[in-house]
Amino acid sequence: MAMLEVKDLEVYYGMIQAIKGISFEVNQGEVIALIGANGAGKTTTLQTITGMLQAKKGHILFEGQDITKVPGHKIVTMGMAHVPEGRRVFANLSVYENLKLGAYTRKDKNEIAQSLEMVYESFPRLKERRNQSAGTLSGGEQQMLAMGRALMSKPRIILMDEPSMGLSPIFVDEIFKIIQQVSAAGTTVLLVEQNAKKALAIADRAYVLETGKIALSGDAKELMNNESIKKAYLGE
Amino acid sequence: MKKANLKSMNKQTKSMLITYAMVIAVFIIVEVMVSTGMMSSLMQGLLVPLCIYSIVAIGLNLCVGYLGELSLGHAGFMCVGAFSSAVFSKCMMATGMNETLRFILAILIGTVVAAIFGWLIGIPVLRLRGDYLAIVTLAFGEIIKNVINVMYLGKDSKGFHFSIKDSASLNMETDGQKIIDGAKGIVGTPNQSTFVVGIIIILISLFVCFNLVNSRTGRAIMAIRDNRIAAESVGINITKYKLMAFTISAAIAGAGGVLYAHNLSTLTALPANFGYNMSIMILVFVVLGGMGSFRGSIIAAVLLTMLPEVLRGLADYRMLIYAIVLIIMMLFNWAPKAIEWREKYSIKRMFGKKAKAEEVQ
Amino acid sequence: GCGSNSSSSSKKDADKYYIGGIGPTTGATAIYGTAVKNGAQIAVDEINAAGGINGKQIEYRFEDDQNDAEKSVNAYNTLKDWGMQMLVGTTTTAPCIAVAGKTASDNMFQITPSASAPDVLSSGNGNIFQVCFTDPNQGIASAQYIAENKLAKKIGIIYDSSDVYSSGIEEKFEAEAKDKGLQIVSKAAFTADSKTDFGTQLQKAKDAGADLLFLPIYYQEASIILKQADTMGYKPKFFGVDGMDGILTVENFDTKLAEGVMLLTPFAADAKDKAVQNFVKTYKEKYKDTPNQFAADSYDAVYALKAAIEESKATTDMSASDMCDALKGAMTKIKMQGLTGGKDGLTWNESGEVTKSPKAVIIKNGAYKAM
Amino acid sequence: MSFISYLINGISLGSIYAIIALGYTMVYGIAKMLNFAHGDVIMIGCYIVFVLMGSFHLNSTVSIIAAIIGCTLLGVVIEKIAYKPLRKASPLAVLITAIGVSYFLQNLALILFGADTKSFTSVVHIPSIKLAGGNLTISGVTIATVISCIVIMAALMIFIKKSKSGQAMLAVSEDKDAAQLMGVNVNKTISLTFAIGSGLAAIAGVLLCSAYPTLSPYTGAMPGIKAFTAAVFGGIGSIPGALIGGILLGVIEILGRAYISSQLSDAIVFAVLIIVLLVKPTGLLGKQVQEKV
Amino acid sequence: MALLEVKNLGISFGGLRAVDRFEVEIKKGQLYGLIGPNGAGKTTVFNMLTGVYKPTDGIIKLDGEDLVGKKTIEINKAGIARTFQNIRLFSQQSVLDNVKIGLHNQYKYSALTGILRLPKYHKMEKEMNEKAMELLKVFELDGKADFLASNLPYGEQRKLEIARALATNPKLLLLDEPAAGMNPNETIELMDTIRFVRDNFDMTVLLIEHDMKLVSGICEELTVLNFGQVLAQGKTKDVLNDPEVIKAYLGE
């Protein structure tokens, strides 16, 4: 059974249909890349999965349970985390408070402290700035915080919306390493990326979204060699 | 692409023309009904107040809908316009000045004085944002009301006398005439506000507002509303345009105040007419009618002013019903669910607007 | 009441007198309007039960104005549409002046139970009459009474500067008190926006050594003043005017605090007078409340209309304007006792002002006692 | 001597403003809405106590608890019916709905309890303190109010800082969607905020009416506005700010009334407010939120 | 002479020295890159150049004119326009109006002229429309002139921001991560557009970017910031091969 399964999903903004019936699945332990041009509907898809948007039609199953109508906060409690587009850090709270909120669904104080240490280890800059209010961080620093905050919930599956956006080249490599580590530690990953090359390189499988529909899907390595993908998304 | 651009121009112009047409049509219908005796005294008596609130709502909409600043002090500007013009009319009544001319001057004076107040208050206040601005405008409105309530102004053979203590301290000659008598306000202003004048001022206000928002100045004002930092970055003088919009908005409210002052024979600055409650009431018109929609403001002002009168049969329950209707209208107009529902079942959609949905992709 | 408000769609019955009433029945001043509405209703019911005026029944309807001039005019127009021939109202002063402007131009007969400012009368063309004292009269009478009876030397005043009634009385009182050699040692105002805390005003009076506090205000505020003065341990004499009437009826008010309070009022709910007792009884039965002077004045206003109609022989089919001309003349001829007539009864002069003698009462053992 | 007495009056009035402002600021700080109906919830709380004590002869403690429960429920119901559907709409729309609710409560009270003012019996049984040979009196209500203010303020601050729900409130106040992504139940959190705010309103109401013993359907309106002013004065959203703002406002009002003009006291209060905001645009303790470009 | 001359520029936030002794000289017509690790202070430099932040010390000269202490609007009038790292459009207005707002100081008429619709109003509006459409065409947005700005996809919003900045007729254009959120193809298109703007509008461009393809593709010279200080400066190729830069920023 797939860990996350999306079936015939349709999503609207008012009267505008952004997602036109897509289906895909993410298996336990996989890294799945979701790629596509601007406005293809990647963000919309992730937001619908975590309950920020409501699906008009279709179903979303998480570990066999239908979560299409489950309120967002419950989905998070079930073990799903989301690094949202635009970072959405709590601007007036400190870095530390942001991270603590990341662990909102967890109870064990010791384990939370451990996770915090891990996040600080992955993102030393955050440790350095733990008392700075998040709103004054630089763009890239905020991106790190958003990522760290999501990891604080110790999710079983994590959805990431362009985690490498605004990061320096050296840190882009770093973040992909972190994603691999997260995956290696047993967390399933659904990754939306503009940096398709890097995303495909670490992904197991990938789906290509075009104007609200899935245009292509398959093994990540194979897609990397697919001519049309190369042309459209890899810039070669 | 030229066409696209033309289309957008047309849309604004069309909305503008519809609004003018609506106002004029209502005017004609009302005039016909009055002359054929088909209109009740209540409705006839309501005509001028309806105009007053429409005008002030138009003014406030400029401030709230286009400038994006929440003012809870517009009743204060009404108050200033009302009192300044009433003082003028009262002083001139004895001189035998031509009545029409006197009234036109009164309107100008009320408008200008309100504009001056708007400008003066705007300078410090517009540095604040959001709810802080709201409370400060509310505070100014209350101060204006409070101060007017302790003002005593009299006129006798020796000229004007002024006091903020009591009318006895005016020390007037026996022939003296009290003009403003503290909390008792002004009594005996000429009743010159008519429906025609009201309609003319509505049309002028609409003309000013429509043309303003569809000009370079209006775009600058809206740019400030949408993104202050970006507006600054393209060289828009924030203070100047905020102040301009606020002042015009206050001036229009002042014009409404002039009509108010010349509608009844007594003018007092009470919490009910010039307090924050009135400011809020006008804000209700603006928000209910739709921020940015002058036509909506007029319609909401008319509906909500008439509602309690229409509900008179319900006796003391009417204000309760009024509150419930207000809440329901707000929910119906603004709740995302309700909006979705309306879009789904709107007649417009069913016939041919579907194409637009695809366009965005 | 017999459908005083429900008859919105009534067709006019030419065989009845149409009397309208206006006052606030919602909003912060709703007590006054409600009292006026009820007082008049009792009078109308009595008259109708007793066979009406000249054998014709009265149709009565009351409209709310929320104590707002503009809404008052709306209420007036509503009543006009209904077919009103005479107006009992409006209750409060500022709206009354606004409506007076309209009645004057419509030539509608108007008798106000309670709008007491002189401006009310001067806004009309002789079509307006008052049942209550004018404010200056009350101020002058109070000062005279205090001086004549040597109640105090040092006087403090607390009044509502945002209220026409209160500031009107205060102004004349002050002038008259000075003439009579009374010393006003402190004068402190409050406004409609801050009428729940009088600590400061009381402190001022206390510091100035006032041994009598003149309170030309309504009884709700007075009840708080009495309570706060008590808490402060300040015990001057208190002297009020007709607005003070009602203080004993404030629900849950500790009437002991009002012991020794003096007031000038045309009406006292526990007077031994039979008419008054009847009225109070009916009022209590009907509205579960003790009537105050507003109710009494309004009751008298309806009877004054009755007297004036009988005097002038005005008929039900008259237009409002004809009715007005007829009643105008008659008003100055009638004399009636009413509930508020005191020892000399009620008479009116041409300018619409009432002549009646104020009663000074003192509160003893939770009841009024003539002084 | 009279100055000190005025000062005491001011603190007494100010502490009432403060306690109302605490509820205001709480709701504003978290739900980001100006709950103009807050003053009217206060009024309803007073009527509950009045009726329970007057007509049902319950003792004051039971009545107060009943009022707190009643107001809490009322707050939650109001939130559900009138505000929740507008969660995603413009804040102005919510403001207007709040005004509608305010009208509704006032007129409901008018119909249920009548227009006449009731005299409210103080429920505070602390004796007043007499100082300086009886020239200065600090009333029991003042003492009770000041103590309640401080206790409530401290409790709120600890609650928000330390408790899980408090953390959730902070998150919701910043960004509802992001809070939801943290697993915060946004609706429940906002309901809780309203519940607490309205419960506080009941306490504030009882103290208000005990200090200024009069009750009518409009009792809450003006104190509500004043408390709103106080909350802004202290920096809206800031809990200690509400306390300081409230007390200062009361003191300024009373001193202004005593030494400048009793008719202009409100004007003076508002003028001071304006000056403070011009110097410090986010109020005394308000955080200057800087937008990073 | 250099168009932009910055000397010894510095700013602190509390204890944090976000930018320190920053220097740069940009010649007219240059395409200049500002790069560096996250939090190095690049955006802060932009903010100081545009008057959003007031530098604690240093000199900024544009065409010889000193800009330190001037307000954002004055600096814009003096000739610097920018885009933002987080897109800041006038989201409730049409694409066309966004550009027309950029033209605000180029085509002036008074508020009264606008209200009374005097002939000058019509003339100016017509010219503004033409100019705005011309700019939109450069970014291939002319077909969407009517759209609400917020309804554009991300990449087009970035382009619109550039168009709006250009409308203010600047001498120097500052772009903060113009390619963020764009895929490689879109980035390539953007590079062409930037070159086109430089050539056809006589523009000098200073840009911040983390996308090395874009940086090495169009920037002629670079400054690398690290912890607020200049780490390297010079020809693009040299800088990108600087071992320090590779260590701190590029990685292997």
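Every chain is named by a letter (A, B, C, D and E) in the order it is written, and numbering of its residues begins at 1.
Going forward, contacts are C-beta pairs under 8 Å (C-beta built on N, C-alpha and C of every residue); 3 or more make two chains touch, one makes a residue touch a chain.
Computed from a predicted model, the values in this text were never measured in an experiment.
Least step count on the touch graph, chain A to chain C: 2.
Chain centre most remote from that of chain A: C (centre = mean of CA atoms).
Distance from the chain A centre to the chain E centre is 30 Å, each centre being the mean of its Cα atoms. Centre-to-centre separation of chain A and chain D, using mean CA positions: 42 Å. Note: centroid distance chain C to chain D, computed from Cα atoms, is 36 Å. Shared interface positions of chain B, defined as residues touching 2 or more other chains, are 142, 146, 149-150, 229, 316, 319, 360. Counting partner chains per residue, chain E shows two or more touched chains at residues 43, 52, 84. In chain C, the residues touching two or more other chains are 25-27, 161-162, 191, 193. Interface note: chains touch in the pairs A-B, A-D, A-E, B-C, B-D, B-E, C-D, D-E. Residues 13, 35-44, 85-86, 153-156, 177, 180-188, 210, 212-213, 248-251 of chain E are the ones that touch chain A when the two sit in their complex. Chain E makes touch with chain B in their complex at residues 50, 52, 71-73, 76-77, 81-82, 84, 88-94, 96-97, 100-102, 104-105, 107-111, 113-117, 121, 124-125, 128-129, 133, 136-137, 142-147, 151, 164-165, 167-168. By the touch criterion given at the top, residues 43, 47, 52, 84 of chain E touch chain D in their complex.
Those residues of chain D lying in contact with chain B across their complex are 28, 34, 36, 82, 85-90, 92-93, 95-97, 99-101, 103-104, 106-108, 110-111, 225, 228-229, 232, 236, 261, 263-264, 266-267, 270-271, 273-274, 277-278, 281-283, 291, 293. If you check the complex, the residues on chain D that touch chain A are 164, 167-168, 170-171, 174-175, 177-186, 287, 289-292.
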